[in-house]
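Chain nomenclature is as follows: A, B and C, assigned in order of appearance, with residue numbering initiated at 1 for each chain independently.
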Amino acid sequence: MTGIYLAGAFVIGGGLLINRNRAINYLLVIAFLALQIGFTVYEYQHLNTIELGYFSADALGILMLMTLTLISVPAMYHSYIYLSDKNDNPRHRAFYYAAMVMLLTALSAAYLANHIAVNWIFVELTTLSASVLIYHRRNPNSLEGTWKYIFVCAISITLVFIGILFLSFALHQAGTDDLSFAMLIKKAPELNQFWLRLAFIFIFTGFTAKLGLVPMYTAGIDAKDKAPSPAGALLSSVLMNVGFVGIFRFYTVMSNSPLHSWANHVILIAALLSIFVATVYMTKVKNIKRMFAYSSIEHAGIAMLGLVAGGIGYYAAVLHIILHAFVKSAFFFQMGQIYRIYKSKSIYDAGNYFKYNLTGSMVMLLGFFSATAMPPAGLFISELLIFRSLFEANYLAVLIVVILFLTIIIWAFGKNIFKLLFSPAVGLDETNIEKIKPAESLSQFFLLGLAVYLGLNPPQEFVTLIQEAIKNLPQ
Amino acid sequence: MTNVLLIIFMISLLYLSIAHQLLTYIKILAFQGVLLFGIAFIELSQINVVNLAFVLLETIAFKALAIPFFLKYVINKNRITRDAEPFLPNFISLIINTSIIIGMFVLSNAIADSTISKIYFVVALSTLFTGLYIIVTRKKIITHVMGYLVIENGVFILSLAVGNEMPMLVNMGILLDIFASVFLLGIFINKIGDILKDVDADQLRHLRD
Amino acid sequence: MISFCLIILVSLFFSGILIRTRSIAAGRKGPGIFQPMKDIIRLVKKGAVFSNTTSFIFQIAPTIYFASVIMAIMVIPLGEYKGFISFDGDFVFFAYILATGKFFNIIAALDTGSSFEGMGASREALFSMFAEPAFFILMGSFALLTGNSSFQEIFTSLHFGSYISYILGVLATIVLLMITLVENSRMPFDDPNTHLELTMVHEVMVLDNSGLDLAMILYATNLKFAMYGAIIANLFMGSFPLYFTIPIFFALQIIFAVTIGMLESFTARFRMNHNAQYILVLSSVSLLIFLGVLLVLGKFN
């Protein structure tokens, strides 16, 4: 089925690229969505089977795949809205949809890959397709964002490749040359530690470009800022998940080797620095999309802290990153409407949102509660579990520092959101405000509600899947 | 014989740190491509012939011919000036590059593995860090791309160290190289040259907080 | 003994061959091969003039410089025949006796009280400082390779077997060639024919010397050329019998002189700001020679 999925997606992508007719475009997009949903359902029913030698639908892959499918449907819908109210350039539209299809396909394949090299190839493909999406508006600022994104991601991917080479050195001594994750976990205690350390440093640094941690987070900020809002939603939710999957799988390997605590220290430093960076920038940022991007960095840091702490933290980290994907994509979808009303992304030009778009502003308010992890949002549960695991693992100093940072972030985030929602806008021309249909905010309510549901009262299958995903970590 | 070629490769790295003109960078990159061709030819004797032919073709055709030609075309088309415009004087670059090489020597003493040849490790990592250093200390955007190509060369050398047992990794390295050159160079330098009048990294400072 | 005599012999015509090569490359016929020696003899017959601002340092410095070069020559072996002075670690003695001579040269230049000479002295000191690590790392690598530490023992036990030792030999020759150019202030680091004091390095240091002093300094330059040529020749001589080594020695010295002449004719002087980095490259290249030696010794695999 993976082969059918990849071939079908390739054909649909090619069709989208060469076709200029609107109706066929939409038909192909709907066909792709159907293919994606079918693929997800099939893989869920065939848990843990290996297909084509390199793809196996293990629990983590299924969870991420379901998240991807759930987000891709509103992404396509909002892309349709986004592209339908500009003066249409069929060629640009074709590139946009083709790139989006390729991004979703590459992400699905990367989630399911069970061999580190195949994972690497598909992550490289996501860089390519994401950059086409970022460049959609084709003005100098988006060119700058695309160039920075491509360059930093190219260097990061090269670093991951160097890490894979060091890993093969380590395996060489253990007498095998199979780089699949199953073999790596099995051989983890015997691997040469020097090479394993180097491999971990390089792979971790490389994947932080996708996940959004120090040191390579910079690419993502500009990318999420410049990409069109539906694409930005994908970049800050499911693309971050592929970084998480890469780091998580390698972390599982490290945790079964003697270098577990050393790896924990490395990740701890990166996560703390990320939350610090997010705090600093959130207090001074004026562009709403960049604010969301920095908030993503903060959440990635918190999820990594869960991994470091262990115990219940493993469960909480996976839960956090899934729920964060839903919440952040809802924000970015809503951003499209904000931009259409105020024609600007700066917080100074926006205000009094309740007057112009009631449903949208409800989304923003509920989203604010979700993103800053206030009850009853799902992220509250996952953050509480992460704090508890940090406390139980005797990282009390880290916990206090993180709570301090989070307080500052809540203040900064709240200051900007309340300015958007309640204060009057400065210099806004009220005559030509576009009317947004309330139905367009439905997808965001659904996503936010899903985050609440999965946090407060998750279905048993969901909990089982997460527990199965973390089973290889030392309990 | 590979040791000789690797030492000559390191001398070319030192020369890269004191070069002034962009054309010198391109010539050194082409020369490094030829050296890598030699090393690949001698080292990878145990993989099958088709794979070997592909690797050799890629080093000569891509690294030594196509990429230098493409870089020269981009420089001419965008009328980029000759100087490499470093932030630090070349003297300090030379000292830093020499200390990078010394640092890699010292690091390689910590390797307890006897099956991997240490000189590959030293040369590959020095190339990697020299490439990163070139990216960080040069103003022009085209020198960023050249620094990335130097990193690519380093990755290729590292992959040759295990090339005999795992030829797939060498192929993946080549895939990365082709991806980088086609994508980075082909599409975006041309676009950047058209839109930004002065291809300076100073122009890329609009997206900030 | 024999190497001392041979080096003195070579120094008589080395400079002449150098100037002749440059002239022929420029399309002229050029002076005779022994013309520089005739110039030196003419200078010896003249008297010296000392400025009022100088002290005794200025009067004794050229003699000390000349003496240091002679002592350095006494260390150099020829194949398996030791020099006059030979002990463990004598290459360090060699480098530092030359440095003593250079130090006296520099303070004599400062002694004259002329700012031009001071400028030339500081440049000379800088360039020698950067070339010094190159020499030490090179000789140190060879000492590591052969396990001995005296010139003569190093050169007799050096033999070239594998590919890598050939490249080490070639690299060492190039480094020594460049060190010669730096130490003797030739192109491309310094132009001996320049008239402009602002661009001089070595010439300006000896601007105020005359008579016997100037003759000693000029002859010391010739001796230094022959000395470095002897070191390079020693790299290739090994332990052949005497009737073999002497012709090889002369041949190598002549080739060395012609090479320097060609290098001088066809390169321009480096920009003064950039001179320092080109000299430092020598030290970095000799570091790579050290790496190569570690490879050959098998300490690196």
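Definition applied: a residue touches a chain if its C-beta (ideal position, glycine included) is under 8 Å from a C-beta of that chain, and two chains touch if they have at least 3 such contacts.
Bear in mind the structure is a predicted one, so any value in this text is a computation, not a measurement.
Chemist: In terms of Cα-based centroids, which chain occupies the most central position?
Modeler: Centre-most chain by C-alpha means: B.
Chemist: Go through A-B and B-C and name the pair with more C-beta contacts between its chains.
Modeler: Result of the comparison of A-B and B-C: A-B.
Chemist: So, what's the distance in Å between the C-alpha centres of chain C and chain A?
Modeler: Inter-chain centre distance comes to 65 Å.
Chemist: Determine the centre-to-centre distance between chain A and chain B, using the mean Cα coordinates as centres, and give it in whole Å.
Modeler: Here the centre of chain B sits 31 Å away from the centre of chain A.
Chemist: Compute the distance, rounded to whole Å, between the mean C-alpha positions of chain B and chain C.
Modeler: It comes to 37 Å between the two C-alpha centres.
Chemist: Can you list the chain C residues touching chain B in their complex?
Modeler: Residues of chain C touching chain B: 163-164, 167, 171, 274, 276-278, 280-281, 283-285, 287-288, 291-292, 295, 300-301.
Chemist: What part of chain A is in contact with chain B in the complex they form?
Modeler: These residues of chain A touch chain B: 117, 120-121, 124, 128, 140-141, 143-148, 150-151, 154-155, 157-158, 161-162, 164-165, 168-169, 172-173, 177, 192, 194-195, 222, 225-226, 281, 284-287, 290.
Chemist: Touching residues of chain B toward chain A in the complex: what are they?
Modeler: 110-113, 115-116, 128, 132, 135, 141, 144, 148, 151-152, 155, 158-159, 161-162, 165-166, 168-169, 172-173, 175-176, 179-180, 183-184, 188, 191-192, 195-196, 203-204, 206-207, 209
Chemist: Any idea which chain B residues touch chain C in the complex?
Modeler: 1, 3-4, 7-8, 10-11, 14-15, 18, 89-91, 94-95, 97-98, 101-102, 105, 108, 117-119, 122
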